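Two complexes follow with subunit A in common, the first pairing it with subunit B and the second with subunit C.
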Partner chain A sequence: MTDEPELDPNSQQAKEIAGKSPMRIALGRLARDKIAVVCALFVLFFIICAVFAGPICSLFGVSLDTPLASERVDGLNSGLPKPAMGPPDGPFTWDHPMGVAPRTGQDNLAYWLHGCRASLMIATTAAIVASLVGVVVGLLSGFLAGTVDKVLSFFIDMFLTVPFLLAALTMAPILNERFNTSDNYGTIQKVSLIVILSLFGWMGTARLIRGEVMSLREREFVQAARVIGMPTSRILFKELLPNLAAPIIISVSLMLPAFVALEAGLAFLGIGVTDGVSWGQMILDAATPLFFREYPQYLWQPMLGVVALVLSLNLLGDAIRDALDPKTRR
Partner chain B sequence: MHVTGDAVLGENKKERLDSMKRNKPLALVAGAALLTLAACGGGSSDDGETGGGEEREFGGQEGGTKDAERQGPAPEVEGAAAGGTITVYLPGDPGPDTLDPTGGWSVTGNSIQQALTSRSLTQYIRDEEGQPVLVPDLATDLGTPNEDFTEWTFTIRDDATWEDGQPVTAEEVAFGICRSLDSEAFPSGPGTEYSKHYFEGAEDYEGPYTGKDPKCEAWDGISVEGQDITITMSTPFPDMDYWGAFMAMGPAPLGNASKPPNYGQKPLANGPYKVESYKPNEELVLVKNDQWSGDSDPGRHQYADEWVFKFNQDQAKVDEIMLSGNSDSQTAVSTALGSGNYNDANSQLGERLVQQTSQCVSTLTPDYNKIKEIEVRKALAYAYPYEDVWISGGEVPGVTRTYANSVMPPGMAGKKEFQVDGEQIKYDPEKAKELLAEAGYGDKPYEITMVYYEVDPLAKDAQDQITKGFEASGFSVKAIPVQESPYNIWLDPDNKVNKTLNLRGVNWCSDWPSGSTMLPPLLKGEAVYNTAFFDEASVNEEMDAIATMPIEEQADAWGALDERIMTEYFPIIPTAFRNDLFVFGEKIGNPTGDGSIGAPNYKDLYVMQ
Partner chain C sequence: MFAYVVKRLISGVLVVTLVSMAIFLLFWYGPSSPAQPICDRETSNRCTQAKLAVYEKTLGYDNPVYEEYGKFVKGIFIDRTLTIASSEYECTAPCLGVSFRTKQPVKEELISRMPATFSIAIGGAFLYLLFGVPIGVAAARRRGSVADKALVSSFLFISSIPYYLFALLTWLYLTITFEIPLFSDTGYFSPISEGPWKWFSGLLLAWVALGIFGCTQYTRFTRGAMVEALSEDYIRTAKSKGLPARTIVYKHGLRAALVPVVTIFGIDFGTLLAGTIFTERIFEIQGIGWWSLEAVYGKDLPVVMATALFSAVVLITANLLVDIVYSILDPRVRLS
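Up next, the complex of A and B:
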């Protein structure tokens, strides 16, 4: 049942615990969770890769620049990399630590690092935006109740009815039509991807928060705050929000891996990022029987990236939830 | 006509999200399947190396020939046996929308139907050297023109029959030809281009269905006397015999029996095979037509019992089947090979992998009104990294794409082997910079605006190479991603993106081996596919003049004009001549390509017993 030894309430240890904030208790629990630590290290690794993608690339002397294809790949050998470029036909080379892509000769390491950056940047931003929207809507709807609750709940339900994939599929050509002559097409694509992801990602958080708020608002401390005449905004942000930290952190930590996977999925379908700098697009290029047979590393690299990142984010999210929930003891 | 099928233009090979149907439009080809088997380390094929295949090169090609005397039956193919079923996989090819002979204008539909089910006035056969020869079909010869080619007379043979045993009459042939004038009933039929343009009175005649003239009495451009059909032309049409090889120039049952669109589901066959079942975009099954007699047909054979055509196949899947050598693949034919499997196929299959020249050219078309200096246009030609674009676009350099010197494809009568600058233009950024400097643009990059098909990763990769090459050569490139076929952009004069472009492109195939189906459609002022907007009065006049020249001088005149346009104006950058690859199962006899249309040589295939 429990791995924490029973303590004498008057002992030194018990007094220390009594002096800890709930957050510190949670962090302490997290630090003792081996899986959580490993996952956190993984996530940290990916974050470092993403943040320092540029410097790491220059460290290895690789870049996103398109080379002339014929310099690096052999057009008469199915477009596979020349032996001097490393696997599959040649030995490992420090010039291209992860090899080069067949057909185009682009450096896999540079694309992997920048793909990681695109993936994390889009997922993080979208998760933050979606949670912000979700929290605000949930707070308002749960606390104000009545008409406001009805209207907001209607919007939550309405957005839940829109099929996400269909909407994303429809948006892609519209955005292209509107912005394809712009010089910042790539940025616009990423921004719109963030908008789409957060537009269809906030409803779960909103519902969760709304439910929590509804149960909290009848509690004594809220009643007391009302009685002494606190303004609604102060009740919302000073009284309710701190009590909602746990569900919010949990929803963000579970939203992140979902968005990473969605970003890759959309890029694979050719409707997210289309400039090739995305794990999903790398998987799309590599997922042919021939390349997988002759050059499996090419598919494994982005695959492992997506799987490892999504898995560690998910497990970390689970661990955070367990740590924050006072009722679970593992 | 134009073809897709080039990553630069964005053929969506994966067909994932794009439901647009792309029939591969018809390319009539004079060149033939050419595989020069250079001896290559004999007996080394079992050492497990992938490079042990044959070297495939282009052999010499000649323009198509004609043989008006050829009579049935067609000579037996050596070693041929009867019986068996041949399965044809058509990867990434949706097949024809309709089997109506009058509506067919695609490489896929025409190659199948003209070879197996639907006869016309004339036809092509493959001679011993692999060259296509124009021979009679339903007509007893190749037609008799009057002196200025404004009147053609064909005598219809009396021994050809329909699948129901009824004889094919001259009236039915005349009615079939008349149908080709109905451009509303057959909007994408080839008659809209040729019958409408050349036949007397065709412009004002709406056709038997749209014009409510079911017996075709209101059009007097054609007359039938006994077995003789006489067609009068409004403009001289020396290529009528070639046009006669289209199945649209064949018979149709009179009256309601052939009313579109129902007739397109199951047309009445008069060739060696008839339609057993047809599911558009899926499958076409043909079985022996026992009413067909070899004596009445100078070109076709009836060896296999059954043909099964499977459309819209997955390229990777078909490649696996064909390379596996299992029982499914032994009697199968594939009309395409994924470039990634070229090496394996080349080493394993030997002569069962057939490389077929298609009479097509890929081009880039600099806007003649915006890029006025010939030096800049030539600089673009030197800045284009040909092989790199082919590789990243999924083509095999030197095999499915080769360097091009002009618009007229190899093998076309009159084609001249000249080089604009004395030698083949290849990627040479330094030379491009020099040319730009000569034109006075040496100081800052010359801006190029073009589009690419964003949905296809191959097109995107190819565009990256083009951008790389251009930027290394003193240009700056704005590549606009589009999500519809680039042709929709280039051919729409009101499109806002199109207005900003100064570099476009067209892939073009000839309809028959004459410069008249290549040069005017691409380079005559006002021509639809003239996306360069090249318009020089002297060139336009010469094109008109060549059409009225004596027939035997025309070929050379087209060749000379081709050279003159390229050397004087260089209005269009030919980036590649194109080839197809066909794969034949090990029990398919006589694995060859049909040089007239760019398809497997269906007429002469058989199953080894």
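Up next, the complex of A and C:
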């Protein structure tokens, strides 16, 4: 990013290049990438759904409230919704645009929107925390080198050998045992999920940043800063950090889809968010042979949510990586 | 080389020790009392303070934590006897504790669950390579063609979907919607007592799902490595010598390209051996992953602890082996 190609300052080409920051070049490239634009629109849609989950729900007149189940579902028909409630047996109805859940009769649209909110909120928070930890560890270990680097690298390697899923699995019964009687068990679950995701998600960023810092450390501008007696913390955050914007953006954008998928996956295993609202939980509920055979839409709604969000975040992440990489001139 | 292996072994043992300490501490300080789950279970949720104290005392939870950790480590090497309330349980070395639910030694149950997980891992990993490498080679040979582009983008698409959703859809559609008889009875059946065919058909669907999903990564990787290898000078030399295309691609190109693939494969295989939780949960295969999920639902802390330790040990061993094999395969890599 830092080394601009040397050009004759009077040439036409140089005048065009002048005044364009690397970020603006990257943004321009992204805007020209059709897949990236489509994916960004998808992601924007999900963000709007998540942020305005409440207003959209009241717009459609649906809510998260648990209704009297017998009003909406047919107990004799293995708990499937009554025809008046829309699919699978009845026609589409504006009262419940996405139908109601079998057995409980909860509104699918409201649960879908709030599931989207939970998913994005957990994934975003965890990605921010994990990146912060990764950046700090990577900066310190790459810049200070020596013993600090050895110790931090050992911890990076150690955390890499512990599989995330098992760590989550190990924590789940303990948290459940300790807090399941607590009033805000749902909040505790979400917070601990964020903690676990960030605890086992920072290593990739740390490694990436460490490598970058190790090469930047030997560059002239850092040496110059050292010579004029700049304190280490200032060199780290004022000199090095701005040069690390690209790897940080890339690692966050690739972390997000992984965390969205993991959050839903844990809920699907019954160890993530278990008493709140989550796409993973909806999938778990809908993936029984009976419901799937009679009412496949019930599975498809949360499933499409997860797949579309993860897919568009993944492809957008790849596009961002390409756009920020000065080597891929297209 | 030898010095490197010793160094890696020492750091591996250090990591295992730290991980086991972390897990032990987690189970010691995490729950309101480490004896709470078993007390609830034994007294059908009527655990009083006095009863809890009895369990804590017999399980040694009233001792300092380092003393109990010492006993736990000692139990891995020497037989020990565990006391839960009024009954005693023999636990032969390596002792990983006694399950709160079944009262069986955890080690024996772990061993009885291994064949299922290992079957999935070996079959799945075999398919990774069987599909991944040839498709990757074929794509690299036709680089830039329509078939190559279609393959790369469709595999990118598949690998962007979360694995468990892919597996879940495979299971739901093939066994429930289309009711394909071959896949109707998924699960683990012992090849000795129930016959190899039953074993094969029970695991086939899990292998296919795992193989198709996992091979996308290998295809991309092999393709990349092959494209790089085929542009090397020695390939041009081989071509100008007039060697047949088959020899050039497979003998000169693939051998060089396979080295990084082997590294990834080693780690992936280790990850599979350490636990295939989603696969086992979706295809109802009663292996280690299924068992650890059951233990989580039943708050069977010794089992959860044992599975976590087991997979950490497997992964660390896999990492070590991969590094050593890598140095043998690629003489340019110097270990230090």
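The definition used in the following text is that the second predicted complex is superposed on the first by the 314 of 330 C-alpha atoms of A that agree within 3 Å, B and C clash if a C-alpha of one lies under 4 Å from a C-alpha of the other, contacts with A are read in each partner's own complex, and residues count from 1 in each chain.
Here, a residue touches a chain if its C-beta (ideal position, glycine included) is under 8 Å from a C-beta of that chain, and two chains touch if they have at least 3 such contacts.
Since we're looking at a predicted model, the values are computed, not measured.
A.B. asks: Looking at the superposed three-chain arrangement on subunit A, would you call subunit B and subunit C a clash or a fit?
C.D. replies: clash
A.B. asks: Let me test your reading of the model: by the given contact rule, A:283 touches which partner, first (subunit B), second (subunit C), both or neither?
C.D. replies: Once the two structures are laid over each other on A, A:283 reaches subunit C alone.
A.B. asks: Looking at the overlay, what does A:306 touch: subunit B (first), subunit C (second), both, or neither?
C.D. replies: second
A.B. asks: Looking at A:291 after the superposition, I want to know if it touches subunit B, subunit C, both of them or none. Which is it: first, second, both, neither?
C.D. replies: In the superposition, A:291 touches subunit B alone.
A.B. asks: Looking at A:185 after the superposition, I want to know if it touches subunit B, subunit C, both of them or none. Which is it: first, second, both, neither?
C.D. replies: After superposition on chain A, A:185 lies in contact with subunit B alone.
A.B. asks: Who does A:270 touch here: subunit B (first), subunit C (second), both, or neither?
C.D. replies: Both partners, subunit B and subunit C.
A.B. asks: Kindly classify A:172 by the partners it touches after superposition: subunit B alone (first), subunit C alone (second), both, or neither?
C.D. replies: A:172: touches subunit B and subunit C.
A.B. asks: Is A:314 touching the first partner subunit B, the second partner subunit C, both, or neither of them?
C.D. replies: Second partner only, subunit C.
A.B. asks: Clash with subunit B: which of subunit C's stretches 5-13, 23-31, 41-49 or 275-283?
C.D. replies: Residues of subunit C that clash with subunit B lie in 41-49.
A.B. asks: In the superposed view, which residues of subunit A touch subunit B and also subunit C?
C.D. replies: Dual-contact residues (subunit A): 169, 172-173, 176-177, 269-271, 289.
A.B. asks: Which part of subunit A faces subunit B closely enough to touch in the complex?
C.D. replies: That would be residues 66-70, 73, 75-79, 103-105, 169, 172-173, 176-177, 180-181, 183, 185, 269-271, 274-276, 281, 284-285, 288-291 of subunit A.
A.B. asks: Give every residue of subunit C touching subunit A within the complex, in rising order.
C.D. replies: Contacts found on subunit C: 11, 15, 18-19, 23, 26-27, 30-32, 36-37, 156-157, 160-162, 164-165, 168-169, 172, 176-177, 271, 274-275, 277-278, 281, 292-293, 295-297, 299-301, 304-305, 307-308, 311-312, 315-316, 319.
A.B. asks: Name, in rising order, each residue of subunit A that touches subunit C in their complex.
C.D. replies: Listed in rising order, the residues of subunit A that touch subunit C are 154, 157-158, 161-163, 165-167, 169-178, 257, 261, 264-265, 268-271, 283, 287, 289, 292-293, 299, 303, 306-307, 310-311, 314-315, 318.
A.B. asks: Okay, in this complex, where on subunit B does subunit A touch?
C.D. replies: 16-17, 50-51, 316, 319-320, 338-343, 385, 387-392, 394-399, 454-455, 457-458, 460-461, 464-465, 467-469, 478, 480-483, 496-497, 500
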